[in-house]
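Should a chain be cited, it is by its letter among A, B, C and D, assigned in written order, with residues numbered from 1 in that chain.
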């Protein structure tokens, strides 16, 4: 029995684990005031070519999102995001819990468009009663998206341009960022991400670490006292060096991007088999997640060997099923599922 | 120049004003611990046939909504409402500010349906990951709605039935409640409202008072410490008797319903003139608000004599314009606007 | 039976009532977009010599406090105030409800000292772990205080100086401001208040209006989108002109200060009688509130004719009892209570 | 150079690390739906003799505190705790951020008394204006306290009795719980803790795990939807099994209590040396933390070999310095510091 239902079914990369073992009994200060964290922060800034950024390691993705958002916004301000975005769905209302409305925009493929941002902003700006409305102030996008799709460089730039015109912050949720940069279809240079947003996080939990997310804040306005607001929200790990140790490993020599590339190429092989077999994709995804349109019987057949995510029912009565590769996916698993797909 | 742009352009009913004058120098305790408030609470309970209800006078509608909702819900719980509802639009994100998500359901006429409530609930209940979602717990409807439409007795009952099946609270925003009961098309008995929801408020601000809303809580689970939560949110007036004095006047002898009926009949006359002139309604409304589809030129012509609300642009390029009657609308104003409509 | 238990036992000043009657059927826009409000805002700015201030009328004192504070602070920031302050006691945790800690400083007479502010700030600033603490950012004082005491010009200036040195905002709760300026011992010029703080409100509820507080924001940093945050918190009255009409009357020709002076002089007469009779004051108060130390029997005797506030038990077993004058106190009431005090 | 400045300077126990290594590439479901977590929850319930408790593993202590408290309380409710408690000091206002006031009670030794709880409750309950106050509803104590002191069985029982009489919840922060049960002076049986409170957490971060806290909810009223509220606050780890794996190791065979005992006995040896040398304790502490009263020179001398926490200045001008043992403290470190203390 194999698991391809999510990209967080295993522990962590061997290199990460080894470093945790190696440093386990080292004595350091807490809360990120340690050499491992200092080094890792520098590596992150170097990797993303943003020497003046503020880097803060946090523990998980929901936390990263609401801490950044509640730190950035005043009480009446709101977030523009798609209805499929993580903050609109699987965070149990975390953004609203910190006091802020999510202005949900409809999306089929998980991507927000510059036109939607412009329209959402204008709906507010042109209303003579706008002081009676929640004020759009931050735009949230995921790269890659929750549904596996990918923004092109131009798409991200167009959104950022609209944001800058209207004084909106652009925040990129990079829970699976390794698999964005690892996609064959990616055209955004690693060093360009920080130039096209105000803040982003590079996810660790789904990209080879035990846990942890690297928040990178570019815009000076969003930096002040970020640590304290993270602390207030439970975002500061006592043994902060655990995050430094882990992120240091994946950003020292590009391991983060290697594993992303591998997982995307494995997913591409599976996708090719799906297409060859004539199975429909729910939506086209060039990253590590694949959503397929199969019958109950087909799902059950695959389930004899693979744990997969049944993510919902399709209009044709079929199942939408997610297949997920990750840093941990073995080639034998890929070959096995390809074989089973052929025989569906 | 006349104003028909809203139903809060004047002060208050003569009877209300006279009572305020008469009692002005009476000395009473504060915060609603006075004979006027005690009497008014009894009158409200008698009027709506709910002797065991908790009545608490509050100051305004936005406040009434968020105080009731934040008192009723635990942190992860959410509200089901239409995308046109007051809490989703003109309250500057007040519900989210208290920590709760509004699950917006699309609506053309401002009304929520029992089917939408059922579907919204099932979306949550059937999801295997539902502990990761905000939990629907309270259903918000306005009677009449923000767009002037009216729930029938059956429609409200159907919604309430769904709520009871799933343990959801039904809360009715009655900012314009006088104009619901005053509509010729209303088929809900006054004494039936409290039987078909868990809480509602009877609006004063738009129905003849200077200000004030009468919150009526039927469900025992929602009563505990409501005063304190209102106090915490600025909802308790120091000179609470001002609310008691005002509500006493409109609920002692049915004045609340008289003025509702008059305003609806005036609106019906205007609507008839609109239909006879061949002007389209944006949506059919049997209460005190009329939304018409006219050209910019027609709007400007009407605007020479009447302040009206230009509420938006229609797909055909025309203006959506609101005409509003109220307890204060004079027959001469009605005749004047009818004359102008004929000549458009 | 007379009431001297609080300064909100009656309705409003005759001039205010007359203006409300006179303007009752005028038609205006809502939410403060009306000529009465425009004029009243100008009168407030002129009165307090702050032509560039932002004036926003709000409905009540608890609301004024939490709206200003939650608008001013970021999530991790806190308020310095005395343990006797209104925000620390009778607001049901309103400040905390908006997310902010109140750093309570002990006080006997209700006044905060510049030394306390300095110490509270240094406790934070000198702590190497200060990013783990709530950050002091706003200082709250009441003028006069909840216990009737009064800051001298020097005391306020000293606090403001400490605030400015450390980047703290100074906010003055003026719920009873008329009775501060009306005190014989006041040495702060009306036009100096706005020079010695970042924001204050001039209370209406306790100073001759039916209800209403005039928030005056001096510091530009606190002005942005204040209306929206007030709206979100239920602070914007639909019939906003009611506030404009009322504040216009008391600030057009100095009525606000006249009534303050009269009430303070009445209180001074009562205090003199108390002292002559040999009754102890709980604390010395030069404004409109007097707190006396009397036995249960003395309290009961006074209570045969006067409703007074029994505010607590004193270490000697006696009652602490509040006597309150106001804009509405009649000379006959003053004479009556003086007579009763003499005979205690 | 050694670190005795805190009990979170190293990684984790060897047994815990080994199990993490061993299970690293196992594939499991996320969010705690895995066999390791299931087993660990059972072990916790067995250890603390509370078979019907709800166990939820969380990530850190600040998070554990605010998630439990915001899940337990309605908006107007408050927490009774000492001024030295973690929630009143080093959590950056986290409790207030979730909307709740902390009613701070003065304490010298970090312990709250049943008398203080009773008094705090009565201050509220006896006030005729209590609906205007934040309502005490939950009592927070730490076992052992932040300052190293320890509640006796009787002290805890007395507090719990007061809580039960007044409908207050008692919540025990057990960040260092291993060191409470490990103290020679402890008289509370492990199986008695759950009988003497409504909820507690057994800390992992400071007691041998990389991170993690085991929340144990006894009172049924506090169980409902706790997972969702934890999720909303970032408390649910994607790879939840990491918590299960770790807690399983320390609770399977009593390792948790072994390491607590060892660290307390090491601290006792150090304390004995301090007393023999004639150095004053800031406060007496029978657990793993020792606070000593030494001169700047003495501190600097110790600092040549040991990183210790300078936690503040004493009235005599001396330094208050914390020495902390933990699960990781080696005997050679203990001997070394004893030697240095002798030579101070």
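Heads up, the rule we're going with is that a residue touches a chain if its C-beta (ideal position, glycine included) is under 8 Å from a C-beta of that chain, and two chains touch if they have at least 3 such contacts.
Only a predicted model underlies this, so the values are computations on that prediction, with no experimental measurement involved.
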By Cα centroid distance, the chain farthest from subunit C is A
Between B-C and A-B, more contacting C-beta pairs sit at B-C
Residue numbers at the subunit A-subunit D contact, same meaning over half shared and different meaning under half, come out as same
Subunit A to subunit B, mean C-alpha position gap in Å, rounds to 42
Subunit B and subunit C have mean C-alpha positions lying a whole-number Å distance apart equal to 34
Residues in subunit A with touches to at least two other chains are numbered 75-76, 91-93, 97-99, 131-135, 228-229, 231-232
Touching subunit C in the complex, subunit A uses residues 31, 70-71, 74-76, 98-99, 131-135, 225, 227-229, 231-232
The subunit C residues in contact with subunit B across the complex are 2-3, 5-6, 8-12, 17, 20-21, 23-30, 59-63, 66-67, 91-94, 97, 205-206, 210-211, 228-229, 231-239, 242, 307, 328
In their shared complex, subunit B is touched by residues of subunit A numbered 75-76, 78, 89-93, 96-102, 104, 129, 131-135
